[in-house]
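In what follows, a structure is listed as structure tokens, so that the remarks can point back to it.
Order as written gives the chain letters A, B, C, D, E and F; numbering starts at 1 within each chain.
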Amino acid sequence: MQLSLSTWTDIEQYLKTSDAIIIPIGSMEQHGPTGLIGTDAICPEVIAKRVGDEHGVLIGPTFNVGCAQHHLGFPGTMTLRPSTMIAAIADWSLSLAKHGFKKLYWFNGHGGNTATIQAAFAEVYAQRSFEPSPARQPALRMTSKNWWELPSVMAKCKELHPSGDGMHATASEVAVTYAAYPDQVRNQTLEPKIAPIGSFTDAEHYRANFPDGRIGSDPTQATIEAGNTIIDVTAQALWADFQKFAQS
Amino acid sequence: MQLSLSTWTDIEQYLKTSDAIIIPIGSMEQHGPTGLIGTDAICPEVIAKRVGDEHGVLIGPTFNVGCAQHHLGFPGTMTLRPSTMIAAIADWSLSLAKHGFKKLYWFNGHGGNTATIQAAFAEVYAQRSFEPSPARQPALRMTSKNWWELPSVMAKCKELHPSGDGMHATASEVAVTYAAYPDQVRNQTLEPKIAPIGSFTDAEHYRANFPDGRIGSDPTQATIEAGNTIIDVTAQALWADFQKFAQS
Amino acid sequence: MQLSLSTWTDIEQYLKTSDAIIIPIGSMEQHGPTGLIGTDAICPEVIAKRVGDEHGVLIGPTFNVGCAQHHLGFPGTMTLRPSTMIAAIADWSLSLAKHGFKKLYWFNGHGGNTATIQAAFAEVYAQRSFEPSPARQPALRMTSKNWWELPSVMAKCKELHPSGDGMHATASEVAVTYAAYPDQVRNQTLEPKIAPIGSFTDAEHYRANFPDGRIGSDPTQATIEAGNTIIDVTAQALWADFQKFAQS
Amino acid sequence: MQLSLSTWTDIEQYLKTSDAIIIPIGSMEQHGPTGLIGTDAICPEVIAKRVGDEHGVLIGPTFNVGCAQHHLGFPGTMTLRPSTMIAAIADWSLSLAKHGFKKLYWFNGHGGNTATIQAAFAEVYAQRSFEPSPARQPALRMTSKNWWELPSVMAKCKELHPSGDGMHATASEVAVTYAAYPDQVRNQTLEPKIAPIGSFTDAEHYRANFPDGRIGSDPTQATIEAGNTIIDVTAQALWADFQKFAQS
Amino acid sequence: MQLSLSTWTDIEQYLKTSDAIIIPIGSMEQHGPTGLIGTDAICPEVIAKRVGDEHGVLIGPTFNVGCAQHHLGFPGTMTLRPSTMIAAIADWSLSLAKHGFKKLYWFNGHGGNTATIQAAFAEVYAQRSFEPSPARQPALRMTSKNWWELPSVMAKCKELHPSGDGMHATASEVAVTYAAYPDQVRNQTLEPKIAPIGSFTDAEHYRANFPDGRIGSDPTQATIEAGNTIIDVTAQALWADFQKFAQS
Amino acid sequence: MQLSLSTWTDIEQYLKTSDAIIIPIGSMEQHGPTGLIGTDAICPEVIAKRVGDEHGVLIGPTFNVGCAQHHLGFPGTMTLRPSTMIAAIADWSLSLAKHGFKKLYWFNGHGGNTATIQAAFAEVYAQRSFEPSPARQPALRMTSKNWWELPSVMAKCKELHPSGDGMHATASEVAVTYAAYPDQVRNQTLEPKIAPIGSFTDAEHYRANFPDGRIGSDPTQATIEAGNTIIDVTAQALWADFQKFAQS
């Protein structure tokens, strides 16, 4: 069940049995020469929709542009400043709270978003804390999970790609996008086969250290089949984790 | 060609021949008992993708939550505060400008967004105006068009729905979403058949005046077929209008 | 009755019979070689004061600097960034609401302000929407009207200036300012007599396309007499429109 | 010479001989039962215009709503939040700097504005300081003066009103507004004749301590004649002070 | 008693007998060739801690970086933009109000902070004023005092340094820091012995006018002994002034 | 070497040999019934000063109030909203960059700060990324380290407190503060001896789950001796880590 494909009467009905929602959150940023710019939005979106379809959980619209300053050295990357992202997450959250949602599960596809998502939660909570006691509204509970950190997901990724799964433009995430968009499979050799690893500060520094955008990965081993496996495993893990949250 | 489904090397290539992009921009808001909450995001997205597919124009990610304060009286509606939306549009624009895009065509699906989009343009322009002369960056040119206002589109909508096309949750926009998502067609009678018209200020006032969310419309006449016709006509109009802008 | 020329006890008295106020809102921006920079503030101010004097309606101070980024290519133009203007309109509105005003009628003299005024209304409404239900304060109702769009005003302007009334630095608005400040009448020929028309994006683009600042107008035909006629007609239209709003 | 009553070509001409401007800045706030809400905007406006008329100095539009939180307990008072006022003063300043103005003389009518005006200057200066060296723009120089603190002004006020000139709603400032708007003279006895003095924190505290709004003043002794005298003396002092600033 | 060295149970206890707190507020900015960059933070901190130790008053953490834009021409100076400082003071204040503190005494060591502190108070008060009546929270009362302006302090400073105490990097404030950090005494001759006086606008202007950072002072006469005397006198004055505030 | 205890000429000298600085960053928040509210500021401050004293590294002022919304349920806790903290970190950073510092090492004492610190870095970097290429200023490089995560520190903490070191109000951090402030050692039994563990969302949720503020810890085992050991070990690790950063 997707919010974007529901009517307001559908949502009114949904709220009678649940006050929890999953919101995919990603990024528009380079993922190497063979990975799609939308990778980090596509992965959580595809997995969340699977859970929404199978279990009737409500899936919000995808928060598709996130914090990708460090990838701005590569054409096509888009970013919000963190202060903008905090304001936007707050507005999405307060809109949903207005209707009676009390548990927001942000399902994240981009490690670079994590910090700002946490900051946004604290911003929303602080607004309520600064209110006089007793506060007039029920508390909003928010959590954020990275899809690859759900139980058993990383193990499956390593099993599928024992070497060169990597840290950015990973074989696993590229596989998920190929499964989602089979006509976007890119066949191309990359040099070096496995990209270098290391750290970085800003966009210039990143591009200087990782000239084709990848970190530690060999995404050429990504297959549609592996992608489908990862989606299956992650969707199960998400469903289990979300249920715990919704009942907490 | 979609930015989200491109690699950074694709975009690098694209920028050699064009510095223009189309960005669909919509809203998540109630569209009456039979219209989808995502209607205003779906319409420009579907039409823009058509043009992207047929003519190789780059289509950006969809800016999917806009200014819908006045619909917050209905469950599922989400909004940005205008100040947040201005900041977000500025960030999207400056990200694209960083890569060399100089002409941003925001293709809009929600009348309630128009004011804030214009305000956002002025915000971006003002930042550059306040710089010392001569400014160090080439000017960014931005335009915004509502899909139903492109030449010949409204005429076609009126031809398809001579009465009760309406102002909100229109038969035409609902038809476009049914064409895009055929499994979401809702068959339901509405009472009154054609919703009342009138004006409104805030969300409470809106809900009081328009109890089921529609304004002046009878969306039950929406069909997949009509939706496809509107997509065809509007895609042609968009392509023509965008070309003029890209070459200006 | 002007707020600026009232005592607080006068306002206390006024609030016993009315909770509505008219606030003139304009701009400081070039109006061609013969038009005053304050034109867009002067027009609504003069017309509103007429109504205030004749009917005892309270007229707020004039919001005199608005959104004029696109005129910054001409000396003397001043602008607020839209985000600043939203904050300022919100503060003015909340100040008035504090005292019991519930209906704010913003009487606008500058087309370039319209978008940001609408955005500001949504910002103020959103703040209340994000509050828990039931909201603790009575709703604030806000509207904005451009003086030249009130019933019968444009017809009169066209009658007075059948050709070359134009879009910016119009003969009609210049006439109103000459009627208000007779010692400021400028007698000067302009070349071309009627300025070109067209579109624009930012300040540089505007100045390049419209070198003396006018768009489509021949303001040399402006007379004090015509200005007085326009003030008469518009003041009547304002009074009628405001009454409807105040009683809504 | 007033910016609002000038054309852009007038300003272009003015900038050939001067890069300095005077900007009146005031407040909309209660001034006791006999003082006008606009008092603090009217005083600097009237005095500055006098100097503008006599010496050809450019006078900007009046910044008419300032920081008056502490007067919000009285109907009609309007305030900006300080953060809004800082943003607005920055926008006004950067607009003028864009055209080549380098010296901005803010002529202030409200003690409660002083802090925020100074903060705004530091905000504008800081933006430039945070730029890399060497900065690309010539420095902007800003000063703010309270009219009653110009040399010899306070002495004249005390001479005219030896007792009960006071701190708020002073006999002197009320006299200036009566001179400016002779039809607004209010004849009313006040009880006590001289209002109490003391300190305050917020609006509630203010109203509790100063029930009719005055502090330490007896404005009933204000006369048109005294107002004219004060305008004369202050205009001379302003002209002298401004010249020093413009040549610094 | 220092908040930073207390447990939360200590504070719970304290709040049973007092709702007032002293918060030292300073700056990190150059103080001439012999004065410490932390001078303006050290002075109020040392004096406040003395009062906290002697009388059991709660002393908050030191707000250590303030408004020092005008000193940015000298290495080591740090500043907040005024808009940031307003937000930070608001957050500190609302945090303390959350626990039941109702009287905040900001004990200031830097003249350049005064304006922004006052602006911050008005920002906090305005937020409450814009709430509907009756407000749901008890009023917060805030005051700010510069240590050198407390009764009898300046007299003592002048007695200790009859000539060349000065306006910035004063002999008195440097003496206080030497008393606080005896191992930081700098013995150095300065040329000229007494620095020039004058006014300034931004950082460049300041450095041009006051090349070694001092204004009107000869800090070489600062001694540990004088510093201790000033601390004694000021601590007594602070205690007296704070008591009045706490009981108001 | 501490910035607060240096003169501007000291810093001018320092910048000739180094462009790197360590800035302690902490929090004011409850640390259980026996831990000091300033714990998270004291720990990095004490350790950094040790390194500053031993190796001549410049130590900035302590950023003492951070993100502690989740502890606001306990008296004395203070927090910044994340948006405020981002602005403040940006201002501190740009001030230092102005003088030629290029490498900022934020030495953090509070896990709850991590997200917002990272967001602040991205905010500062984004501002530069949005500038036209080539950027006019040298890149600023920023890193943040939590003291307990430096190599070998956690091992030492676990060795000293094999059980009940915990997650909040840990025996180790309390030991460090006792070493720093021996007169603040609190001898008190806690019930239960080892606090519960678990997760939390906002301040109310935290207090409900962890009634005395501790998470998983038994801080009663903290000793001055253990604190000194931890300071020694961590200072060595910090010096090693900082050198690598400064030379990168």
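Some observations on this one:
To be clear about the criterion, contacts are C-beta pairs under 8 Å (C-beta built on N, C-alpha and C of every residue); 3 or more make two chains touch, one makes a residue touch a chain.
Remember, predicted model here, so these are calculated numbers, not experimental data.
Counting only chains that touch, the fewest steps needed to get from chain C to chain F is 2. Comparing chain pairs A-B and B-F by the number of C-beta pairs in contact, the larger count belongs to A-B.
Chain centres here are Cα averages; for chain B and chain E they lie 53 Å apart.
In terms of their C-alpha centroids, the spacing between chain A and chain E amounts to 46 Å. For chain D, the set of residues that touch two or more other chains comprises 72, 79, 81, 83, 87, 95, 98, 129. The touch graph of the protein chains shown belongs to none of the named shapes. Chains touching one another form the pairs A-B, A-C, A-E, A-F, B-C, B-D, B-F, C-D, C-E, D-E, D-F, E-F. Residues of chain F touching chain B in their complex: 129-130, 132-133. Looking at the complex, you find that chain F touches chain E at residues 2-12, 15, 28, 30-38, 41-42, 60-62, 64-65, 72, 74-81, 83-84, 87-88, 90-92, 95-96, 98-100, 181, 184, 186, 213. For chain A in complex with chain F, the residues that touch the partner chain are 67, 69-70, 72, 79, 81-83, 86-87, 112, 114-123, 125-129, 135, 139-143, 201-205. Interface of chain A with chain C (complex): residues 94-95, 97-98, 136-137.
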